[in-house]
Each structure stands twice: as structure tokens, then as C-alpha cells.
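Sending over a structure as C-alpha cells; questions will come in a sec.
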Amino acid sequence: MTQTTAHSEPVVEEFRPHRRWFQRPDVLTPLILTSVGFALLIGAVSVPANYRTEMDAPPGDVSFDWMFFFHMVPLMVQGVLVLAKATVLGFTVAIVLGFAMALGRRTKLRWVSWPSALVIEFIRSTPLLVQLFFWQALFRSVEGISLTPVEILTLGLGIHYATYCSEAYRAGINSVDKGQWEAATALNLGPVTKWTRVIIPQAVPNVLPALGNYLVAAFKDAPLGVAVNVHGLLFFADQVRAETFRATEPYLLAGVGFLLVSLPAAWLVRQLEKRISYERV
Amino acid sequence: MSVSETATPGQISEKGAAGVRMRDVTKAFGSNVVLRDLDLDVAPGERVVIIGPSGSGKTTILRATMTLERIDSGTIEVGGRHLYHELHGNKLRPARESHIREVRSDIGMVFQHFNLFPHMTALENIMLAPIKVHGKPREAARDAGMALLEQVGLAHAANQTPGQLSGGQKQRVAIARSLACEPKVMLFDEVTSALDPELVGEVLNVLRDIAEEGRTTMMLVTHEMGFAREMADRVLMFDGGQVIESGAPADVLGNPQHDRTKAFLGAVKAH
Amino acid sequence: GCGDGGGETGEGGDGEVLTIGIANEQPYGYMDDAGNATGFAPDVAREVLSNLGYGEPEFEVVEFGNLIGGLQAQQFDMVAAGMYINEERLAQIQFSDPDYCTTESLAVPEGNPEDIVDYSTFADNSDLTIAVASGTVEVGYAEEAGVGEDQIKSFPGIDQMYQALEAGEVDAVTGTAATVNGQIAGRDGLEAVEPFFPKDVEGNETLPCGGYGFRLDDTEFRDEFNEELNKLREDGTTMEIITSYEGFEDADVELANDLTVADFEE
Amino acid sequence: MESWLLTGSQYMLLLRGALVTLQILGLAFVVGIVLSLVVGIARLSERTWIRGVALGFVEFARGISSIILLFIVAIAIPILLGVPQENLILLATLALGINMGGYGAEIIRGAIQSVPKGQAEASISLNLTSLQRLRHVILPQAMTVILPPMGNLTIEILKGTALVSLIGLTDVMQMARNIRQQQLADAVGNLPILYLNVLVLYFILAQVINLIFRLAERLMEKRYEGGPALTTEELERMRPTSAEGTVS
Amino acid sequence: MSVSETATPGQISEKGAAGVRMRDVTKAFGSNVVLRDLDLDVAPGERVVIIGPSGSGKTTILRATMTLERIDSGTIEVGGRHLYHELHGNKLRPARESHIREVRSDIGMVFQHFNLFPHMTALENIMLAPIKVHGKPREAARDAGMALLEQVGLAHAANQTPGQLSGGQKQRVAIARSLACEPKVMLFDEVTSALDPELVGEVLNVLRDIAEEGRTTMMLVTHEMGFAREMADRVLMFDGGQVIESGAPADVLGNPQHDRTKAFLGAVKAH
């Protein structure tokens, strides 16, 4: 900000705008780092055609084999990365689409808000697995559209979690004190200013943790992609099982790989929640 | 801006204050009729204090004037312009949003619970509307904002957020914020009742200052009878959504005619 | 309800009800309008079991890849899915004697735009991709024929492969001639290539014949089943049942009738 | 576009699959509720190690994906331990129940904490045992807080039951894929329509669950409103019957 | 039940009341020492009123006797039995939960905020403990419960839930509920201070009735000085977690010796 010269009083301070959550390095740094990670994930991860173990497990013997277990770790990591990529892409869709859904449901036009509510409720209360099959079948039956399995998973996750996000947005917007809306009216703010400067900045801290939780939840649903042939974590385990007839090691490894991602992610979300919650006082 | 076709109350005074004129205003919440065929005139620059028992509709009349609550029937004019209606030839039609926004720019309101924007500093709170609504340059808005903060004695708190301010300070910022839009009518709804007793004084002092500058029309709802007596041009006693007594403060407060007023004033004193 | 871990004895069934796993695959085993298991493998298994005195069996329809795991985990007592007998599978489960053999085929878009003949086409042209169902022998056939890893697309089930082919995501779908013929009959815009016997890289043909699967520790039951199956092979019952389904020739069954499971063990 | 509907026999098949789905849902619900209660209460135990174990369970059950948990519980572990997988439904149920237990425990914990402290103190001063305290005083009051999120959780579990088709159970989802194979034999059928019908079936089931929980909430509210004021004689007449279900 | 080895305070009277004896009782919340080496004896059947300024530990001493708050050191005996300790030969050992439960069955408490179970009717509230804790048959419990409700004048409200009762009625049900367990020591913690003034009387009347029956030992914390004077055998003045003055109501309330007591009584009257 430039120094003011118009006032001679010494009491006039330099104008220091309040640093909001998106201006604070302790919040911003992890966010930027995560975004960079996401970008790398999207750019650098390619979907492997196959998951082949180089090591054959002894046939007929079902006892747990640690060598075999550790041998598959690189494959498992590949599978996790593929899912993470689909999750991140899908959640990007969810964030945007969810906002549209929230607006659709909030609008005063009954013929928009009512169907919006029905669609949101419908998608929310039906299984993602069936939805994935549905989207795959639907897009295949349309001429000229050809989606890869990862794209279908992205879309399916995006649409499914958009409904959750829309509910989070709605709750966040409703959590803004009624007095804030009234003050905005009393100051005669236009709708754009009202939303961008008053309502959304106050809603975001309430919405972010919920979104973070849904991101983790979406990641937990991503293995379902196997049903539409996404070569991810569960596909890896299935393929190893089909080829070596050993189920224990690949599935347990898949579980371990999962917890290794989802537990820290959930922890990060809680940290974010704590950091931002101070904004609410 | 069009100038009203009638005399005093609806007019704009030369100094930039506007009058308010209400006719047959009715407002009900469900079956609860809160305002009943209310007629009320406030002259430009006049300072009116509204008193009355709880639930008598004092807040509602201010909120209706601020367009926070739509009225069911009747008309309200501010500065000679209809608030909820537009004139088409001789006919009144319900106003479009753009018309309401335009008339609303003459009105400012201060709330009981401040309603400051908690994510902005005091100065940012004040600068927002001048920049976004009136298109003031940022520099000018900042200087004007600082001047206002100084006027309410809070120049040192310009960079603090509401969370860091006391109740009295918050309310003074809220007053400065609504002054920043240079309204011609100011509405104050029990601006001191959410404050600890020792903080009431500082806010009343600010109100006195504003009143002394004497430019804006003021409608105040308050339970501070001493304050009302001192600065009101006129006191209105509300009950059941209607004005049951009206007159100079000394008359209404010192020598009430109506039984309800006597009972009300008795209760307030006993308290 | 089913036996207690290999408890089925040779004295016939006493009306005991067994659970049989079938793949969700036409024409080997699938579910008809009324929800009953149909296909030649369930039909033959029914016949054998009823001759042995077992009750009408219960069928579980699962995706092909779940069959061996489900059998091992005692989800069902036997598998009747026309499963090919091969070495890898023999290490996991035991088989009855084969009751049919069939040639392999490939489903391709109508007109066969890529002039696909058999697996060697893919070994020669690395731009082409081929769909396999995970856990099926075709995965091995393709690899042994020298098809590149990137060209082989794995799918969890039969239906998914054909949908992918219809959507143009792959150039061909593997399968037995019977499956391929059955599938293209129900779909538009596909055709089958001339049936062939798969060859490994050295050019040796393999024998694609299918039988019934049992747990390794269930030898008594397998022997009992096998004995009865052989009777039916001899009196022509299997021939009658199998050829009543489209896609099977007398020769397919005759070839199988000359073989025993021992021929597949090296 | 063809008809939006399937044939009657196809609906019968879907309903047959729905029975399996409901069976799994019911069993998983029971397992889930029991786990929720035990773990939720354990989360508030005075003993650190019990709290630690309970927290570990909650973090595990919520951190792992339900589909992967299903594969581990229903396939990997039985094979590893040599347990017969005979009753796949029970194993699937266990996996879904564990998943539900993780979330349910947090609901129960929060609800118990929401009951005013004075209630626990009053029951101590009446010398109720800690079990009686929970059973008769705390949990009935926590119920109003428990029911709404529990309803949502149950719907999540309903959605989760669709996963069992991937491990080889014939629920609604697998039945749809079976119908698909059969449609192929008849050379008819439109796949998106088939799945859309399945989605609607799930939606209806979810709405029924919703309704049940709403009714339960309504009943709870009624309970709090209490009966009408009665004279002593009326009271004497009706007491023996009406008191049965409520106090015991 | 074992009979105490010492005389009066710890004993059980022939009529079923029990005495209370505290020795060196200390209790701190963090660094805040609320009870400091407190010695206190209450004879069987005695009615003791505890007064004292806010924060002096009045509630804490009742809660400690009810085992709602564990004490840090010292001993409490009720009816001759140690509450927090068990005798092993000559040695005191910390009591197991089962021992505490057994002794606790002699004690009843009524709270400032009633703490009725909102999901049960008045009668069910009363019947719960007799049935579940004392294993009374349902019929007998119901009859006893109705008798108690009649005693507190609420037989007509037996079937109502707490939500439908006034504050005074709630407190009377709460008293009946704690009487249903037939405690030998009753603790009352400001049982009228959460009530509207017009409801205080009905609760005090019930307390008077109970006191007239004269069986149970009573320890009451109250700010109702008139009531204290009328029914206390002895008044204890608490300050800083200790008894600073003790004696007959007429002496302590009418002619206090200690400065703190004088100041406290002055403040209460002014209020």
C-alpha cells in the first residue's frame, strides 16, 4: 500500500489489510505444496497396462510370504498413484460441479431448485459402483464419445462427490450469520460484491474441512474403478491373484498402501481445520 | 434523481437529508399483524426516537424502511421517492430490484448486534461500500474512512479486526461504516442494548456528535430515556404496530397522556 | 448349504444339496429369464449329480476371475464353467475329465478392418490391441504367441471386453469359439475370425478342452463325479446336451471323449 | 430410445437380488450398531489403553477403503487362516459392519457427550451401575442425537452393499450383470436403461431407510412430550400395561 | 453392615438415619485448593445448613459426599462406614468400586438443576432406582412412587414428563425421586436457586414436610436465610474451604462472631 500524505495527523497508520487465510504462509505453503504434488500426479502418472510380478509364489501353499509381499510394493505404489490421479481429477470436477448444484438448489425458482434437490438426493443415495457402470454404458452407447476407464472414473467420482460438495457449500453458506446478509443489504452492496466479499470469504473456512474430508472419502471410493477396468490398486491385486492364485498378499498390501495415504491425508485435513478455525472467532 | 411532488416530509432538504413518509403500512408474520395501517412522517433532518414495549414492531418498522423486510401493503417514500413502488404515469407499480437499490442508497442502518464483517479490518469494513457501491477510488475511500474512524475515536484501531475490538468499539465502527455511504436517513435499532453498561456511554457520545453535525435524518429505537429526551426532536410511542402517542420528548416522556405510555415508562424506570 | 470341507463321500449324495460356481458367460453358464442357471456346463453337472443321488444343486453366478478363489475358499463345492484344463490351474484345483474341446476365435469389428487372423497378427503389428479377461487361459495364449504386454488389455469380465470392442477401445476380443459366436450373435456390428488352435512361439498347438473343477482335498468327490461323467460321455448324454447349445460341433465333444485329465498333466 | 422399463421377470430377478442386498444390509447394520456401541463407549473409557484401542479401531475402519476392507476380510484373511469362506455373506457383512462401526462409534461418542453431565451425576446419586446408567439414562437421551446421522450412515452402508458383487455374491448389482448376459442370449436390451433401473431400485431402498429413521425420530419426540395428564384413578388403571415397555 | 467403632457422628441412629464424619478432607482443582483439611461431624438425624460466599466449596463438599468428586486426601465416613476407604485389619486402603456403591446407597442428593431424566415420566423417574438398584418388584415400586408423589403434592402429574412440569414441580419430583431410595443422609444443593421466586415456596414446603418426619440426616446448602433459621439444627459458615463459624441458627445468623460471616450476611440481605 502506498503511504498516505493527505493526512497530517500522526495517528494515521499505514493501511495494513487483514491477512486472511489465503494470505497466510502457514496455510498457503501446505496448500501450494499439495497443489504442486497434485499437478505432478496428474502430469507424471501414466496408467500401466499390466501388473506383473516377476516372482512366482509357491503354488498351492497359502501361508503368508513376506518376500512376495515386499516384492509387489512397487506395483502397489503404481496402483495407488493411478487412483490418486483419478481422485484428484475427479474431485476437481466435484468442486466445480458441486457449486453449480448448490446454486441450483438455492435458487428461488422452484422448477430449478426442486429437480436439483431430487438429482442431488438421487446421486447421493445410490451406489457409486452402479453409477460407474451406468456412465460407462451410457457413454459407450453415444456415438462419437470414447472415454478411457480413468476418465469414466474421474467423471463418476466427480458427479458423485459433487452432490456431497454441494451439501457442504450449502451448509457453509447457511452458517454465515443472517446479520451479515442484512449488513450487506444495508450497505447496498450489489450481488457480486455481496457474494465475493462478504459471504464466500466467511463460508470458505467452514467449507474447506468438509471438502478435505470428502476428498479423502473420494480416494477411498476410487478403487471401485476396477469395475470399469481402471488399472488401479484393486486391479493390481486382482491381476496378481488371477495370475498367481494368491489372494492374501496382494489384498493386504493394497490395504496397507491405502492406509499409508488415507491416514496422513485425514490428519492433514484435521490440521487444516484447526488452522482455519481461528478465522471463525 | 426525481424530486417528490409533495411537501415537507418526503422532501430532500438543502443539506442532504431526506424525509420519510409512510402511508397505510401493514406487515404481518403469519397471523401476527405487526404493523397495522401505519402512517408516519419524518421531516428531512428530523431526529425521531421510537419507544414502545417489546414486540410492538419497532424493529420491524426500521427493517421495512431498510428493505430487509418486505411490507404487505401501503407505501414508503424516502427523499420523495417511493421505496417499494415505481411511478408509471400516475400508477404505482411494484418496484424492480434496480429501483429499490437506487432508493436504498439514501438509507443507512446500524444494528443491535453490529454485524461487522469479521474477516475484514475496521478500515476495510468502512471502505468496502464506498469502493464497491459508489465507485470511489481506493485512496479517497481510505482517507474518508480514516477520517470517519477518527470521528468515532478509533483511528488507532483501523487495522484491527472486529474480533479484537470491544463491543462498544465494534458499534462505533459499525456507525462509521454506515456513515461512509453518506446516507440521508439513518436508522438505529437499539444500538446500545447489546453492550455492557460501561460501554454504552461511548456509543451514545458518538451518536450525539453525529446529531450535532445535524445533516442526516435519524430514526432511533432506544430504551435509553435520558438520551432520548436530550436529543430527540420528537418521540413516538409504539404499541400494537401503531403510533399511539407522539410529541416533544418533554411531553411524551415527562407527561404522557396515554395509559399504555404511562405503564411503559413506569416499567422502564423501575427496571 | 454345502459339505463340510471335503466331506462328500463316494456313496452318492443322499439328496445333499451342493453349491456350484458358474461363470457369467454364454453359453457355458449364465442365468435364464426365470433366474435359473443355464448353459451346458450346469446342465451336465445337474445330470451327473442327480444320477449320483444329490439334490438339485444351488448355483452361484460370479465373474470368471472369482471362480477358482471361491472354490478354494469353499464358497462353492465345484465349478461348472467349461473351464479349460491347464497346468497352472491344475496346481490350484483338480479337474474332471474334459467333456468338450473347442477352438479359439477372436471377435473383431464387422468386416475385420485390421485383417486379424489369430494371435500372430498381434505379434506382427504392435499397434493392435487385444482384450483378455483376467484369469482366463487366453492371457497365456496371447503371451506365448509373442503379443506385446502393452497390447494386451485385461478386463474383469466377458461383457466388459465386448463393450470395449464395441466402443472401439480394443481391436479384438479373445475367447473360445463358442463364447465368441454366442456373444456376436447377441450384439451388432461384430464378427468372428476363422476358429484356430492357439500356438505357442515354437508353433506347437495346445489343447483347449474344458472340464469341471474341484478342490485339491476333495479327491473322493472328484472321482465319484468323474466316474459318472465318463458314463455320460460314453452313452452320448454329454454330446446331446452340449451340442444343443449353439457353437458346438459333434467333433468338439468327440475329441474330448478320447482325453482324460491325465493328458493335461505333464 | 426403447422403453425405460425392464420386463416383469427381470424385475423379479432384481427383487431377488434385492433380498440378498437387504439381508447383507440388515446383518451389517446389526454388526455395525454393536461395534458402534462398544467402540463408542470404549472411546470414553477411563482406562487409557481401552481408549487407545478404540481410537485405533476407529482410525483403521475409517481410514481404509470399504472395498479393500471387503477383499481383505472376505478373501485374504479366510485364505490366510484357512477359514472356510463358505458363508461369504457373513464375511461380507463383517467387513461392511466394521466400516460402519468406525463411523458409528464417533456418532455414539458425540451423542453420549452431548447428554448433560447432570444426568450422569443424577444416576450416580441414585446408585445405578455404570451399565444401567448407559442403558436407562444416557443412551435413551442420546438417541435423538444419534438417529439422524445414523440414518445417513445406514444409507452409506446400503451403497456399500453393492460392492459385494465384486467378491462373488449375487446382490442387486450382480443380478443386473447376470440379466445382462441373459439379455445377450435374447439379443435384446439396453445397458444404460438396465443400470438406471438398478439405480432407481437403490434410491427407493434408500428412501425407505430414510422414512424408517424419520419415523423413529418422530417416536422419540413423542416420548419426550410424554403422555397427557391423568387423574390418579385413570393412572392406576392404565399403569400396569403402559409402564412395561418404558422403564424396563 | 458393620457398625462404626466410634461414637455419635459416624453412627446409625435407631430410626435409620446415619451420621457423617469428615476428617482432614482436602480437595483441589489444579492449583485451586477448594477444601482444606476440613473436619466436619453431622450427627444422625441432624439437619445442618451450610452457608457461605460463592466459590467457598459448599457444592464441592456435598459432591464429595455423594462421590461425584473424589477427594485428594482425608476420610469421609457415612453411617460409620468409610466411603472412600476399606478397613483391612487396622489399615485403610482405597475402596473398590463395589464398596463405594454399597456405602453410597445410604446417600441421596437433590441438585440445583433437578437433573430429572427427561425421557421418563415423573413416576418412571421415581421408580427407576428402586426397581433397578434395590430390586423392588414393579408393583411395589409403583405404589411407593405414587405415595411419594402424593407426599410432594404431584400425584396428578405422575404421567407427565419433566418437559411438561414447572421448575418447582420438577424439583419436587427430584426430591421424591431421591427419597424413593430411602437414603439415610440427604444432601440438598441450593435446590431453590434455579427457580422463579414464586415457585420457591412450594419446594421449601416439601422440604419442611420431610424434615418434620425427622428420620433422615440432612445437609442443605441454601441462600434462603429465613428457611435456614427455621429448620436448621445447626448452621455452618464456609469460607475458603473451611468451616469458619458454626452454631445454632439464632447465634450464627442473628449474632455472627466472625467478620466474614457478618459481611456475607450483610451482602445476602442487601440483595
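Letters A, B, C, D and E name the chains as they come in the text, with residue numbers starting at 1 for each one.
FYI, a contact is a pair of C-beta atoms (placed from the backbone, for glycine too) under 8 Å apart; a residue touches a chain by one contact, two chains touch by 3 or more.
Quick caveat, the model's predicted, so the values are computed rather than measured.
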Ask   = Which chains are in contact with both chain A and chain B?
value = none
Inquiry  = Shortest hop count from chain D to chain E along touching chains?
reply    = 1
Apart from chain A, which chains still form joined groups through touching = B | C, D, E
Task = Please find which chain has its CA centre nearest to the centre of all protein CA atoms in view.
result = D
Note = Between C-D and A-C, more contacting C-beta pairs sit at C-D
Key: Geometric centre distance via CA averages, chain D-chain B, whole Å   = 54
Note = Rounded to the nearest Å, the gap between Cα centres of chain B and chain C is 85
Remark   = For the pair chain A and chain C, the C-alpha centroid-to-centroid distance in angstrom is 42
Request  = Hunt down the residues of chain A that sit against at least two other chains at once, touch-wise.
outcome  = 137, 140, 226-227, 247
Query = At which residue positions does chain B touch at least two other chains?
reply = none
Message = Can you pull out the residues of chain C that are in contact with at least two other chains?
response = 69, 72, 163
Task = Let me know each pair of chains that touch one another.
result = A-B, A-C, A-D, C-D, D-E
Ask   = Mind pulling up the chain D residues that touch chain A in the complex?
value = 59-60, 62-69, 71-72, 75-77, 79-80, 82, 155, 158-163, 165-166, 173, 176, 190-192, 194-196, 198-199, 202-203, 206-207, 210
Query = Taking the complex as given, what residues does chain C use to touch chain A?
reply = 65, 68-69, 72, 88, 91-92, 134-135, 139, 149-150, 152-156, 160, 163-164, 166-169, 216
Note = In the complex, chain D touches chain C at residues 9-10, 12-13, 16, 75, 78-79, 84-86, 88, 167-168, 170, 174, 177-187, 191
Task = State the interface residues of chain D toward chain E in the complex, per the touch definition above.
result = 116, 118-119, 121-129, 132, 136-137, 140-141, 223-232, 235, 239-240, 243, 246-248
Note = In the complex, the residues of chain B that touch chain A are 66-68, 101, 104-105, 107-109, 111, 113-121, 123-124, 128-129, 132-133, 139, 142-143, 146-147, 150, 155-156, 158-159, 161, 163, 177-178, 181
